[in-house]
Amino acid sequence: MPNPLPAAPAGAGEHDLEVLSLHKGFAAFVAVQDLSFSVRRGSFFSILGPSGCGKTTLLRMIAGFIAPDGGDLRIKGQSMLGVAPNRRPVNMVFQHLALFPMMSVGENIAYGLERRGIKSAAAKAKVTDMLQRVGLPGSEGKRIDQLSGGQKQRVAIARSLVLEPALLLLDEPLGALDLKLREHMKVELKQLQAEVGTTFVYITHDQSEALVMSDQVAVMNHGRFEQVGSPQQLYYQPATAFVAGFVGNNNRFEGRVETRNGEQVLMRTAQGLGLWSQRVGALDVGQTAVLFVRPEAIEIGRQASELPPGDPAFSATVHSVLFDGGNSTVQVNEATSGAPLHIALPLTGRLADLQTGETVHFAYQPSQAWCFQA
Amino acid sequence: MPNPLPAAPAGAGEHDLEVLSLHKGFAAFVAVQDLSFSVRRGSFFSILGPSGCGKTTLLRMIAGFIAPDGGDLRIKGQSMLGVAPNRRPVNMVFQHLALFPMMSVGENIAYGLERRGIKSAAAKAKVTDMLQRVGLPGSEGKRIDQLSGGQKQRVAIARSLVLEPALLLLDEPLGALDLKLREHMKVELKQLQAEVGTTFVYITHDQSEALVMSDQVAVMNHGRFEQVGSPQQLYYQPATAFVAGFVGNNNRFEGRVETRNGEQVLMRTAQGLGLWSQRVGALDVGQTAVLFVRPEAIEIGRQASELPPGDPAFSATVHSVLFDGGNSTVQVNEATSGAPLHIALPLTGRLADLQTGETVHFAYQPSQAWCFQA
Amino acid sequence: MIPSLPRPASQRFGLGAFVAGFFVFLFVPLLVVAVFAFNDAAYPTPPWMGFTLDWFAADSDTRTGLLADGELMRSLGTSAWVALWVTVLSVGVGTCNAFLLERFEFPGKNAIALLTMLPLVIPGVILGISILAFASRIANFADETWGLELDFLRPGLPLVILGQFCYIVTIATLTISASLRRFDRTLEEAAYNLGASRLAVLWTITLPYLRPSMIGAAAMAFLMSFENFNTTLMLVGSDPPLTVLMYGRMREGATPVLNAISLFLMIASALLALMLLWRKPAGTSD
Amino acid sequence: MSESTHRRFFLWVLLAPALLWLLGLVILPHVELLLLSLQARTGPGEYGFSLEQYRTFVDEPLYWNTFVRTATLSVLATVLTLLLAFPAAWYIAKVAQGRAKTVLLVLCLLPFWVSEMVRTLGWLILLRETGVVSSVLQAVGLADQPVELLYRDATILVGLVYASLLFMVIPLVNSLESLDDSLIEAAYDLGGSTANIVRRIVIPHAAPGIAAGCIVVFMLCLGNYLTPTLLGGKNSLWFTEQIYTQFITRFNWNQGAAFGFLLLFLSSLLVWTGLKLTGQRFGAVMKT
Amino acid sequence: QDNKTLRLLTWGGYAPKDVIEQFTKETGFKVEVTTSNNEEMISKLRATAGAGFDLAQPSQDRIAGPQTEFKIYKPMDMSKIKADLFIPSMLEATKKNTTVGGAVYGVPHIWGTDGLVVNTKTSKATDYADLCVAENAGKVSMRLKRPTLIAMAFASGKDPFALYNDPKAYGALMDEMGKKLADCKKNVKFYWDGKDQLLAGIRSGELTTAMMWDTGGWELNKANPDVKFIAPKSGALGWVDTFAIPAKGRNDAAAYAWINFNMRPEIAAKVASAAGNFTASKGADQMMDEGLKKQFADSFPEAALNNIKWYPAVPAGIEDIEGRVLDRVKAAK
């Protein structure tokens, strides 16, 4: 597996969180392996990975609910080893929010302030101000069950933010919301973070959330980070096959490298389909490889002439059209090998009327496809 | 509100389901209003609408769990009024599947057959065959709780299909699944329906599900159908403002019609933004209107020159880029009015590096925007 | 079947009639007890001799009404006193048990969990005699070896309280455990994360959450203690709670004053029921 | 204090009351009962080890028969209670809606909040020869002379069933409420008849609740004292009455202890057999 | 508890309210009354090893046995008893019967008899055996306790008391009586346990004949002259209830005060009337209620009075024999 690129810990001045060789196992199972990274002050940092990869374990170590087996963990330069969760300058937004149902909105937000011994008038002012900032002015007296899903979300965040933590940890807070609301809250959360300027460490298994909101995303797998970078970097320059497959939709092919031409390689699948692509990492002729090309990186047309000249072109038969407005795709089988591919349909709806069985032509730039050692 | 276009009931030969002026109220509240439509044999018919619009009520009337207040309901030409649910040639897949946890997979599927008095050897053969068809061969002996979400889904459908109903009713069966699995099951369900050829009536509030799977979609709102048509018709020719807003993403503007030019009208918003579009229904100068234009129908470029000539062009400032790989959008504010718009970024990732504050230019074809009387 | 399924009228009517009959069966015995509290006769049996309030208010040589019946009133007080202690002990220990069983792992936990449920299936009489026998042994031992008279181990209210507590605490444990099991522990983590100390978490989050179930368990404990007979009978000393007194009276000479006190109990529990119904919004039974 | 010593401390704080209770009020008293049952009088105020008390149970068919009779009637009462309570529980859990549901449930509880004594007094007034039912029967011409309804086994059954209903209704309502309506609808939709749905869906789902109710009711009947003694007639031999008699009117604690222990042992055996036969687990069942 | 209270374990009716009030006024001691019967008194005191009460009132025949077995009483300090308040013969007899190891444990208080209560309109019963004749079938009641066995034995012409010290012979006799009672069972409507249960049965006419204490018969007679208490031909069974002081009684002063107070003729007369029985207090006779006296005279003509069989002290082991027999009767079909 190619080496991930952990951001090296820098001076405490710039970084709110530094994680150094953090390690945690449950019995024989290693949940978090020797992890090192740091999070820049004021940034929105996401950890993206499939279920069970260790995200929650990592976050809970930062919050202090789980003690690491090894390594260090510094917040604002101070080691947090042995510091109880209620004494760490971090707050957490839980997956199911964990709002206190027996308290009103105002009481929920004031809870942490009161624990700090802040007197009720001062606390009240802060609560009012905080509710204003999350767009729920005057909701102090409401019961939790009177709130909509999105409003609950905002109260949960307000409850943490009011304590002005150095770090806000969020564990898939949008997971329980329905689709439309989730779309909406993504944008709202990003804006909120930009306004308050608090450092967010955000966990999700939904790549769209991570891409839309984050300044930096770490892609996690089996307790390690595969790649840390900006959303664009992950999307356009995946460092590992895992990242290429996990972030964004992708067509995936397996085969053996036939030819190499500088940084580009030609891979041939078992069914005989030959595909050019960018190689990532060490890879040479004769090695088995996996190749990814994104549905939206493929140009499609009824005529071969519609395709941009220069790129390798293929013809194919339409298997089925998955019409979904702006996200429509077509499933085709390449003509000679029969290999199935998904291709995104143009946004304009130009090809929305494709019919099953029709012949189409497609092409892609080899520089937009990546090949990894298998 | 413009008249919806209910498909007129046709001969029983072609239609498995005909609904005639169906009506149902709960106390003073009307859940289903005078609904008429019919579903062609062998088609995949979806009913799409927001929560509480009456979808489940309608479906349960078809299944026989709710008696209508008025109207008729014919399945294969036979009126179902007064026919008990267990005597109707329809079967239902419930939202939470309602698999019998106390029975094995095989027993679940055989349940309906046994009730028909089919002897166990014959039933067994049918169950085996059905499991094969839904891609779960040999799972007869498994317990329900040993199945994954998608497998449960398939068993629930198998349990109904094995009875060879004239009509299969499905009430948001994918609602409980997680995102990735839902994406997958969408495609699978569509294929399954195509293979078995049974008429499906499918309820959902997720437009993507309805668009991807259906031959015909009815958009429902407040107990009525707003529009019935193919997914493409709904998407590209919305009949009402509700449909335009509900199906697919859309930029929505309100204003007053200033000029009319044949079927095209110029609407001006309160902030002074003037937009040309196709008028839908009766609409004339001076009337208040709502206008929709899809994010992916708008062309965007750093230079005005990149835009296709001929369409009205605007300039704007980038407010934020929502990078989401192939689904990236940019939020801009139109230069003169400050009106906010979402614009889809090209699939190629060409503009993925836009920065907040940059000036951009955009244009759209007025024929791809619609204006409705407000 | 359920309302959403069309049912033949016969079935619907049949079930309705059955349920109506069921409740008649449930209430007829109480009704006659109540009615005969007003019978103008010396014995709580038919025939009906006319209406009187004597059995509530009278204080004459031949008739002692409820209010004048010191012995009865005293036993009512005794019952309440016992029930109060049983309630406090049961809810207190039940809450501890709930935390122990739901929150801790330790060797032998399964055995303890099973033992916890055992008193539910031990007949009350046996519970009573075994406690009586064991307490006597200790008391006799203390008496013989040290000449120490451990009064509370002899039949009497302390033993009655312990005996009732012994199985009522099981019910409290089950009730509170069930509620604690449903409790979303992330609420505690959230509070802890917001800076609360462990004690503050318990006090501000967990216990308030458990309060309804603790109140429920308390009501249950009080009522079960109040009406217990079997265990109490074996452990009672010189001041009988109401049930034991009533049993004695029924053997030795019942007057309708027993019906009067019964009617009082019915009214008290009906009021309690109304209060519960009032507090609980519709449809939130559990 | 470290986290784990902290936890250990709290564990002991919580374990202490539980152990005190279980040891002091459950285990040791029953050990005492066992020891008592293994002794017999050897002289005035002197006792020695002996199996005599158990031998009495075996040798004297009377006691054995009493136990069998008690167990049989208790099983019968349990079955009757189940049959009566099930439709009512069904109605409360599935048919009644909203507030009606709560009201019905509270109505079920109400009679049990007034003591068993009061309820038994009610049955006495109703059923005796000069009682209400007899009078009504004569008044409507169904009987031409007073009928004695007390002091029969059937009367004991009525009393036991009545005293047990609540303890059956509550677990049944709980387990039926957790049955998703859509399972019933689905079964119906697939062509199931009412009887079949009850047999294949409802009963399997409610099995733990039924088992819990049956265990509690069975043990309550077996351990009942008031109902058999007050309502039962000259033949009303009840095992708890035997135990009471041994303890109270015969001053023979050793014999009483042996009977008590036998009751406990034999009834546990019955419950255990019942659970095994229906494939249920005690722990799981009692949590419903 | 304080020394101001007397905890009294006694029979229903033995401590009327006005008597208690007067006692409290005179001595300052409050009285807490627990009503009970012989068996429960003994088992209560056994469970507490003689604690919990300051004074108990078991029958004279049930003191020596339990005292030997359980040591639940303390010896009477006869010096604190005003002996001249008692009918001397009764005091002597009771002292004799309640002496264990040289100490006296009881003094007499109330006496009465077991006999038959008969509704003379509907029953012609004159002896215990008549409880079992066909014409009374279904209208008879008795207690399933030892007096019934003993009564049946007398009715069969045997003297069970003579066999008290021959357990074998006594056992055989009891077995025989048990069979008799089992055969008689079909006649029995119910075995009564509480007095009220029986009184209600006779009052309502459900029962015509029953074996019972004289006092219950006389109480019924007041309301319905047809109902009479009769001394059976084979002899009424005579009992004496006593005063005895529990081993761990804490207020002996109050106990002796209550005894001496109760034996004062005017008080004893009051108590006896309330209980419906007669008293061992000398001179109370004159003050007794005339009605009761007349009832007594009706029930006990000279011959019957002389024929009363007084219970001797019950030796240990006897009750086990009886218990087994009684259980069998109960189980018989």
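Labels A, B, C, D and E are assigned to the chains in the order they are written; within every chain, residues are numbered from 1.
As a working rule, a residue touches a chain if its C-beta (ideal position, glycine included) is under 8 Å from a C-beta of that chain, and two chains touch if they have at least 3 such contacts.
Computed from a predicted structure; not experimentally measured.
Fewest steps needed to get from chain D to chain E, stepping only to touching chains, is 1. Chains that touch both chain C and chain E are the following: D. When the C-beta contacts at B-D and at B-C are tallied, the pair with the greater total is B-D. Separation between the centroids of chain A and chain D, computed from CA atoms only, is 58 Å. Between the CA-based centres of chain A and chain B the separation comes to 28 Å, rounded to the whole angstrom.
The geometric centre of chain A is 56 Å away from that of chain C, both derived from CA atoms. Rounded to a whole number, the gap between the C-alpha centres of chain A and chain E is 92 angstrom. Counting partner chains per residue, chain E shows two or more touched chains at residues 193, 204. In chain B, the positions touching at least two other chains are 65, 85.
The multi-chain contact residues of chain C, meaning those touching 2 or more other chains, are 4-5, 45, 250, 254. Which chains touch which is summed up as A-B, A-C, B-C, B-D, C-D, C-E, D-E. Of all the residues in chain A, the ones that touch chain C in their complex are 63, 65, 85-87, 90-92, 94-96, 98-102, 111-112, 115-116, 159-160, 163. Chain C makes touch with chain A in their complex at residues 184, 186-187, 189-197, 200, 204-205, 208-209.
Chain contact summary for the complex, chain D toward chain B: residues 180, 182-183, 185-193, 196, 200-201, 204-205.
Within the complex formed with chain E, the residues of chain C that make contact are 43, 45, 71, 132, 136, 139-140, 143, 149, 151, 154-156, 237-240, 248-254. Only residues 60, 64-67, 84-85 of chain B touch chain C when the two sit together in their complex.
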